[in-house]
């Protein structure tokens, strides 16, 4: 599934958060957006998934406009968003969270097969399937959040800062799983402040500053770019 | 001489230990950086110092007095004032009014004086103070604009002006460079130095390494809620632990 | 700047002169109506001070009752002159507010709304429960009217002038407070409490201050009302009246100082016209309220602006 | 004018009204003032017509309308040589004091009402200072509104709460084995507590011990706990002192198996109570307000014109609204008209003077001015008051009790209980 | 001792009403973050429906109970569509709108029933069950408590065992995250207000034969519902049910042994106390930091 974003502008309370960005993500790609706080990365994802309405510009999937659709309809189109801060449903159990990820589907057998697949990515979730989500550790909650998104069988997976506040080992583990998911044919868009992690995982990257894309290139090129090295890799 | 000492500070949220036994001190007149990866406990430490969170244990000593557990407004009165990560301003008020609110200590009044106008002298002086700060920070030309109408960079500047108006001796700056372009970043760095030169000690929590390395006299690096390293920017940059954990071995 | 101050002064002076001669053109029962309306203006303006910090309290009507009961009890049981009980009514309501501010301001927003409602209802039920001294549901009657020279304050016009003077003074004081440093700080507490806190504003103190001062003035309004009617009863200060205060402010608008006053005046006058269809009145109120919330959320004070913008849009459409 | 002569003209007038009631209800004539050359005599009603207390205002207005229509249909009323058409002006104060004040002034000064009828309580207290000074003849259904200064306030019909003693006297005489009682009532001052004090006094005089008094608020939705609580005292008599919640309380008594005597101030809408419980259960309940189709109202000494005809006329237009006030306001109106006719003037001073200086006939017979002993002024007209008992599912007058006699003997007991409850007495 | 047991029985009967009447307020607040001040009036409409259709026009009681549920649910859905949905981001606006609805419903009730006395509905189930010669439960009340309990158990089952129920809870925990799972928050809002209004309608219909029916009866209902909601924890359904039972018992006991007004005053004070000590209620978790 190809994602086209054209001249996207977003205003938050009169402040321009996105000042017109355009990019295309080809089917099956794994890309990242890096940039500092407030650069517009999260806003980009939130606009794609329909949580925020753009003031101008278009978003389309395989040529079909989605920028006016409601968030729940966009999920049904195959775009799933793992929000920043995990946002699992804390009073529900792990399995209830996962079932809610498949809310748009009715076929119980198929849902259970999907569940098995998610469990195969994250065996720890299976162990804790009947626990309340609030009892999970940060890393487990992140896994649950990703697993929940996978339950909707996304063709495009949007991830917002999955490494936030996690131990390096867990970050490593999640990174590997993301690559696995991408290999299964899911387009992945990863937003990260941890530029180093992001650039090691993906094929292609965009650098956002102040609501604009200031640079885009293959990941290894970006990692070697002077500006990126200074600004985001601290070297 | 240390103006601020953080002693064995620990902060728990439920079972999670966000800050674990953190100690460091800030000398009078320096710009002290507090850095670390996301979730390292910087913001929590910062909030505890400014009184927005109560510490689980440990102590915070400002000018040899413990300010632990005091309310934020009280700590601000003592002279420790913070800025906010997001642009937190009185959006629908003008630049001047924003700064005027900052001049709280001197302009504070009671109902009787307010009604009878007995505080007029004090209010005039407060306006003068506000104007002075606006001039110092370089916003004179935009004095009557509404805060919401300012470009992002100027909003950040204004946020610092509001804080300065309350005459702090220690300014805690929370990611003032986030989302700024190089031009704005350069301007903000100059401004930060200027603030320090006016006699205010600064603690800076920041991700922007260029700014941190360029500005700070000393750095404290946090990781997983503990102090990983402490020292000058050069020392920290060359510390293998820091490179390993924080910069991820890049 | 000076020209606008001058204009405002002329406007206010004109308004006051208009109000001074107005009762002479009114029917007898309308003069009473004018008295109650003037008192209600003090009620909404004092409520405005409370809402400046962003909290919508549901206890204001009961605070009015606290003032009313205080003045009634003091003047009736201890023969204290109205001129002393009037300020004491304010002091009593302010003191009650001070006592309640500790528990109430531990809550914010929705919790504060419900908490203030519950506290008010509890106070009101106490007036019903404790017949000595509050007189139960029947309340207290035969409250003496003010005495001054040989003026007959049982007649509406003299009492109206008395009310007009006191309310004008109170409204002026409230205006001074709002336009002072305190008002600025209250705005700050409302819009960005944390930021205000971070520059040394004790937000809790300011919320309490607004609540106490607002209650003080509404206590005076309560005393003014019951010394005219001669009776005070718990029903006068029930949630129904509180809802009306809220409606006046919402319909009038709460962004400017005069918005709430405008709402009280317009709706009260409308109310008098609707007496013919008494049963329907609440529904008309309800529909008005919903209409304003949905389509005119700025209240009446925004009406000219809205009409202007519609007009401009038409114009643009034509060209 | 001699008393005999006055009696004669009075009978004629009442007959006229009564005949009207019959004709109007039978032929459905709606009198029209358009054809009348008479002046208009306006009487005001400053009453609740909306809100919680509307049931105690609105039916009274309907009743007075019937009376006024009858009078007008028969050519109006002649007072002091002038013939008037009677007009009822109303103001709905919804039981709010500030509205009541406005209403009073509107009725008197703008509608030119010569007399204003009110329900009583806080709204009367609110209008009193002005009405007294303006010498507006005001009437109330609550004698307890009378104060030493309220010269122009009269209570000429309902003897609330005094009449309660007649029911207790009857009960004590007919059922001498009943020795203990409980009282349940609203805790409002105007109605509930007044009644409670009176019942307590009446029980004391009758030698019945009150073992529990339960005062409840207006916020009760479930009476099960209250009824359980008082029934735990095993009383012989269950007494209800106000009307607001009689139905749900009776229902609870029924369900909780109470088998003793029930006495109540009112038993409005008792047909509904029978529907919710049973005829057998409600039978024998003693209260104070007769149905107006009761044949006992036709006996001599009862001065209400054609009660059954009035009852029928009322129920024809307002089948569900009958309550005691439906006939009480008309009684007050008729009494005032008679006195105005006799005095030859509609002005308050003349009418009041005539009232207090001449023998008045109370609606159920008898007629004495009373009140100074308790409230400071003799502006309450008391007389005989009926004791009503539900018999075979129908309210039937058993006897007429003598209020004046009881009060003469026992007013100190009454005063004591009123003081105990914190009620105003002189 | 009999009085004690009878009081417990009375309290348990009452708790069913409290829970039914409160649960809608909790649901709607949880999912939509709006305080529906007209909630008591929804109960009132349920009671009026029974009075009008059953008592006045002789339709079977059970039919009118269903009718009341349908009618009140309809009113709830209309409120959601035309008031609460446009007011989504303005909790105060939603509250004020619901006050407007409150007035309108009261006036409609007044027109339907007239300004006369409180309406009464003869109990469809007559007689009283007597246990051990002293404990008495009228069959009408027994019926009501059984239906309330059944309704609450069904609701519980729905919320804890069905995907749609999880979705309702998910929306009340985190609206945005729920939308990201493909859950239509609009649809869930409709479900929540529909279920809440249905419960209110049912409560009204069950109460109708047991209480005075008048246009203002909603006032007491909303006070009770507030207390139950606050004490139970805003947005917490288990909390609301537990609080309803506790408060019903408390209120019944205080009414029995002291007085009804004292019971209400102390109920309000307990609520304020809970707000002070633990603003999120006994069972509630903080809605958002």
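By written order: A, B, C, D and E. Residues from 1 in each chain.
Definition applied: a residue touches a chain if its C-beta (ideal position, glycine included) is under 8 Å from a C-beta of that chain, and two chains touch if they have at least 3 such contacts.
None of these values were measured; they are calculated from a predicted model.
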Original post:
Based on CA centres, what chain would you say lies at the far end from subunit A?
Top reply: D
Original post:
Which pair, B-C or A-B, has more C-beta contacts?
Top reply: B-C
Original post:
Can you give the whole-Å distance between the Cα centres of subunit C and subunit E?
Top reply: 33
**OP:** Could you grab the centroid distance between subunit B and subunit E? Build each centroid from C-alpha atoms only and quote it in angstrom.
**Re:** 49
Original post:
With chain centres defined as C-alpha means, what is the inter-centre distance between subunit A and subunit C in Å?
Top reply: 52
Subject >> Between subunit E and subunit D, distance of the C-alpha-averaged centres to the nearest whole Å >> reply: 39
**OP:** Could you list which residues of subunit B touch at least two other chains?
**Re:** 91
**OP:** At least two other chains touched by the same residue of subunit E: list those residues.
**Re:** 110, 115, 219, 223, 259, 261, 264
Subject >> Touching two or more other chains - residues of subunit A >> reply: none
Subject >> Every chain pair in contact, whichever chains are involved >> reply: A-B, A-E, B-C, C-D, C-E, D-E
Subject >> Contacting residues of subunit E [partner subunit A, same complex] >> reply: 163, 166-167, 169-170, 173-174, 176-186, 285
Original post:
Once bound in the complex, which stretches of subunit C touch subunit B?
Top reply: 173, 176-177, 180-182, 184-185, 187-188, 191-192, 194-203, 209, 213
Subject >> Of all residues in subunit C, those that touch subunit E in their complex >> reply: 56, 103, 106-107, 109-111, 113-115, 117-119, 121-122, 125-126, 128-129, 239, 243, 246-247, 250, 279-280, 282-283, 285-290, 293-294, 297
Original post:
Which of the residues in subunit E come into contact with subunit D in the complex?
Top reply: 2-3, 6-7, 10-11, 13-14, 17, 110, 114-118, 120, 122-123, 128, 130, 136, 138, 141, 207, 209-212, 214, 216-217, 219-221, 223-224, 252-253, 255-257, 259-261, 264
**OP:** Can you check the complex and tell me which residues of subunit D touch subunit E?
**Re:** 49-52, 54-55, 58-59, 187, 214-217, 219-222, 224-226, 228-229, 232, 244-245, 247-248, 251, 254-257, 268-269, 272-273, 275-276, 320-321, 323
